[in-house]
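Every chain is named by a letter (A, B and C) in the order it is written, and numbering of its residues begins at 1.
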Amino acid sequence: MSTVEISGLVKNFGAFQALKSIDLSIGDGEFVVMVGPSGCGKSTLLRAIAGLEMPDDGMIMVGDRDVTFEEPADRGVAMVFQNYALYPHMTVAGNMGFGLKMAGIAKDAIADAVQRASDILSIGDHLHKQPKALSGGQKQRVAIGRAITRQPKVFLFDEPLSNLDAALRTRMRVELGRLHNELNATMIYVTHDQTEAMTMADRIVVLSSGAIEQVGSPRDLYNRPGNLFVAGFLGSPKMNVLQATLVSATDGELTASVAGLPDITRPLDVTEGRELAVGDKVLLGIRPEALGEGDISFNLKARVVENLGRETLIYGTPENFRSCDGDAEDGDIVVQYPRQYDAAAGQTLTVGMPLDAFYIFDSDGRTRSFAAAH
Amino acid sequence: MKVLGTACVVSLAALAIGMPAVAADKATVKFWTLKNPGMAEFAAEAIEAFKEKRPDIEVVYEDFPNEAYKTAIQVALNGSEPPDAFYNWVGEDSARLVREGLVMDVSEYGTEPDGFQSILSDGWLSTLQYDGKQYGVPLEAVSKFFYYNTNFFAEHELKVPDSFDGLLQSCRDIRAIDEDIVPMPLGNSERWKLNHFITMLNERVVGHEAANPDYALEADDATLFTNPRYVEALQKVLDLQEAGCFQDAPNATSPELTRTMFATEASPMIYCGSWCAGIFNGEGFEDFKMFRMPEVKGGDGADGTNFLIVQGYQISAKSKYPEETVAWLSHLVSPEMAVRYAETMGRVPSNPASLDSSDQLTESFKWIAKDVSEITVPINVLDVKLENTVSEAYLDGGVELLNGTLTPEQVMEKVRETALKAKAKLDK
Amino acid sequence: MSQTSRPRSRSGNLAAEKLTYAAMLTPALLLLAVFVFIPVALVIYGSLFDFGLTSRDWTFVGLGNYVEAFGDDVFWIALRNNLIIVIGSIVLQVGFGTLLAAVLDRGVRLGRTLMRTIIFAPMVISSVAVGLIWLIILDPNVGPLNAVVKGVGLTPPKLGWLGDPSISIWVVLGIAAWQYTGFMMVLILAGLQAVPKDIYQAAALDGATGLRAFWYITLPSIRNILIVAILITTVGGFKVFDLIFVTTGGGPANSTQVLGTYIYLQAFNIGEMGFANAISVVLLLIAVGLGWLQLKTSRKA
């Protein structure tokens, strides 16, 4: 078990900057999930840690060892791939023991290690089989088993569950959590699925365009996103965003005016960042689940009603204001009721809105006021 | 190309065999020959002229490349509708077909005034006679000479050799002028080039009277190819090699390349067929003269003999129109056609009567025609004359001799061994 | 078309089915009979006689032609040369083809398609043309190879590349390799490109890179393609004819003779059709043996 320390890591593909000076510390035994949209650099960062991509600058330490220029096999890391990447010509046991065989470990010791790993994952019955005889879930277990067999200091997962069906994904998610507890290993996990990120991570690293946007615990990131990107990326459906103008910025308070709504006043939670002045354009954010009941109410013409059983999502056009950005269509907002709600498309609903549930972002996208907890 | 050619020809032959006769009231003479430059034009002209003479006969012309022809004709002769008249090499090739009863005895045909038996000399006719019967119509002959570059010889005051030793001396003299000049390139990649040398060296050293019983496999087992003079003749090849006559790798050099070397004046001499004169002229080189394989001092051969391969037409035993076929062949050797043959093909025809009247023939051609007419005894080339396996042994023996992998004695031992086997088989 | 689930008419249908199968197989069997079985039977029959292409009489000699063949030096030279070409071609064509494919698959980034096309190009030229091209290149008098060899201060073989019996078969082997390595490369490259790249990454993490990855990952992944490649090469090595016919004609003095050219020589130049048939039967038996071997290995794989 080991820490991972990344400092100033840069990776370019030609003119494209895939990683722009990444600094990241991962603690011993921590489960870190890296999320971000496609092309944000999360996989590149993982592959750089694995040694599959050579960084152009910066340093990677595993434990107290500088592994920046080490061969992948010498870094003490093991990786589980999205497509399993099992060796098709070897048996399950052969796949799992291959790394140890390459390291020159004696056959008996390999067999023991394979046995141990297969017990952990309950794939003992399949050891003699070829990968092509296994189901997708079994293959992924073997791939994980292959990583376990090598007893690495750090486990790397590259979207390991994305090829599985929804039910299996949920089961494997739980199992990976169990595995993490059992092995107490350092794990770095890349995904684009926020459910995986929110449920499994000790800490989430949000990346965008090759840079880290924010690092923190799942709840922290969700409740106190550092900027508009993180606020928008975590949470589904996305946060509703409205354009506003500052009408007052004094005594640790911000007041913003939105066409069609009363002025919104929130405490200035973050003082760093650009100087705020009256007349500045700002953005207001409010999560779909914060709407429904509250201080004021507005009329919403429902366009789409999604009844998900446990909750209901209503996409619609507000009567007297417009949103910008968001999952709904231009100008539309989305409301999430944590229950079943009888409504039909075309209907006009009255929706409550708590005025303290707004986040305020400055024109750089930095969060200046957080929503009150509800 | 040869392989593909063979495949095509075999299937062509199959087609030809299956073809129905063209017209019922007209006699159709199917005529097969080699595809040589000029042949198709000459044949077209001859057929046109023949139509006026014999409107009742239709001649169907087909030609084939050399290698392909050898296979195609054998297949066709065994088929149900072989060509009526077909080209053949006179020697073992023609004799075998006679033995196997595939060709017709035409002694009774062509005896009228314009028939071939009246036109051609007895010497020429005899080349296709077996047991006193006529088995075909000789068309032409090719001979073989040393060609030399007259400019080069004059410039360096070289003497035209009149003996084999003189020939060796010429090679040494030329090497002395410039070590990098190949005096007399030998393109033996197809094996027959050296075989032609050996044919004439055997004639000069062993003599045809002594050699013929061996060649015909008629000598006693005890003496078959044991004449020590065969070894001497092969030694002469090594003498030529030692005198620096040839280039380093004759077995890997093609005949075409050596002809080009002579025609481009890179080499001042070459041993080449009578047909080469036309090739050299065609490449724009005319400053050459020729001489025969000179005599070998102390050899048993007769003077006045020279290399001569006769080529002619034979008539298939299955032909339905022997009279018409012979009339066509007689037309081909008529004085008018013979001179046209010489003019278009540059080859020596079997009927030389009116060659002098032509103003289209080159000086070198006229020299060759005259020289051929003066040959006292025609010497047929070994690979045509010998039984096939013995011929192979001589061809391969020549290659190994040049490569230095066999001595003359070892080559003759192999030839004798093969000849004994072939003779035993023949006697059975 | 099968309605076997209807029990009442089952036996009748079965008979009808058999009839249908037979009817569908007949054209193929008929063609095979005309173009394969009957000629093979004729060759086997002919091998028991002494006759030439134009012979009127066939003399029955029993197994005499076979006895003659096994006692014939040239037959053994030809068989040995076939084996040299088979083994040499497997090493050169499949071996180099695999290496080139591996290099193109992983090493070369720029102009990969161009390189592949260039290396593959000789394959689309007919063997006869290839032979003629190499005759020019190898010509001892005017060939560029001699010029190059002399240019770097070495001495080319005195008897010529194709004229020296001690090297000529190896030179022919080289020409064959030049012609077919590209084909093998393309075949194997197709196999390599079907190997998922993340397997190599997994292997790198397991400690197998470079040669070890090639040995443990690449080769096993393309095992079936390699078997096919070796089989194609082996069959081609026994069947070889045109290339040798054009370049050396079996010479100098039989030193590059192979069974194919020797059959041709015996049949058409010497006129020993029965003997040629006997050698053909030997070649046929070798081919059948190889076919059986192939079936066996492919079923195992």
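What we mean here is this: a contact is a pair of C-beta atoms (placed from the backbone, for glycine too) under 8 Å apart; a residue touches a chain by one contact, two chains touch by 3 or more.
Keep in mind the model is a prediction, meaning the values are calculated, not measured.
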Compared with chain B, which chain's mean CA position is the farthest off? A
Per-chain C-alpha centres versus the global one: which chain is nearest? C
By raw count of C-beta pairs in contact, what's the busiest chain pair here? B-C
Taking each chain's centre as its mean C-alpha position, how far apart are chain A and chain C in Å? 57
Taking each chain's centre as its mean C-alpha position, how far apart are chain B and chain C in Å? 38
For the pair chain A and chain B, the C-alpha centroid-to-centroid distance in angstrom is 91
Residue numbers in chain B touching two or more further chains are none
What parts of chain C, by residue number, touch at least two of the other chains? none
Complex interface listing, chain C residues touching chain B: 52-56, 126, 128, 132, 135, 138-142, 157-165, 241-242, 245-246, 249, 251-254, 265, 268-272
In the complex of these two chains, what residues of chain C are touching chain A? 196, 198-199, 201-209, 212, 216-217, 220-221, 223
Residues of chain B defined as touching chain C within the complex: 1-4, 70-71, 74-75, 77-78, 96-97, 100-102, 182, 185, 189-191, 247-254, 257, 261, 388-389, 392, 396-397, 399-400, 403, 405
In their complex, what parts of chain A are in touch with chain C? 47, 50-52, 71-74, 77-79, 81-83, 85-90, 98-99, 102-103, 146, 150
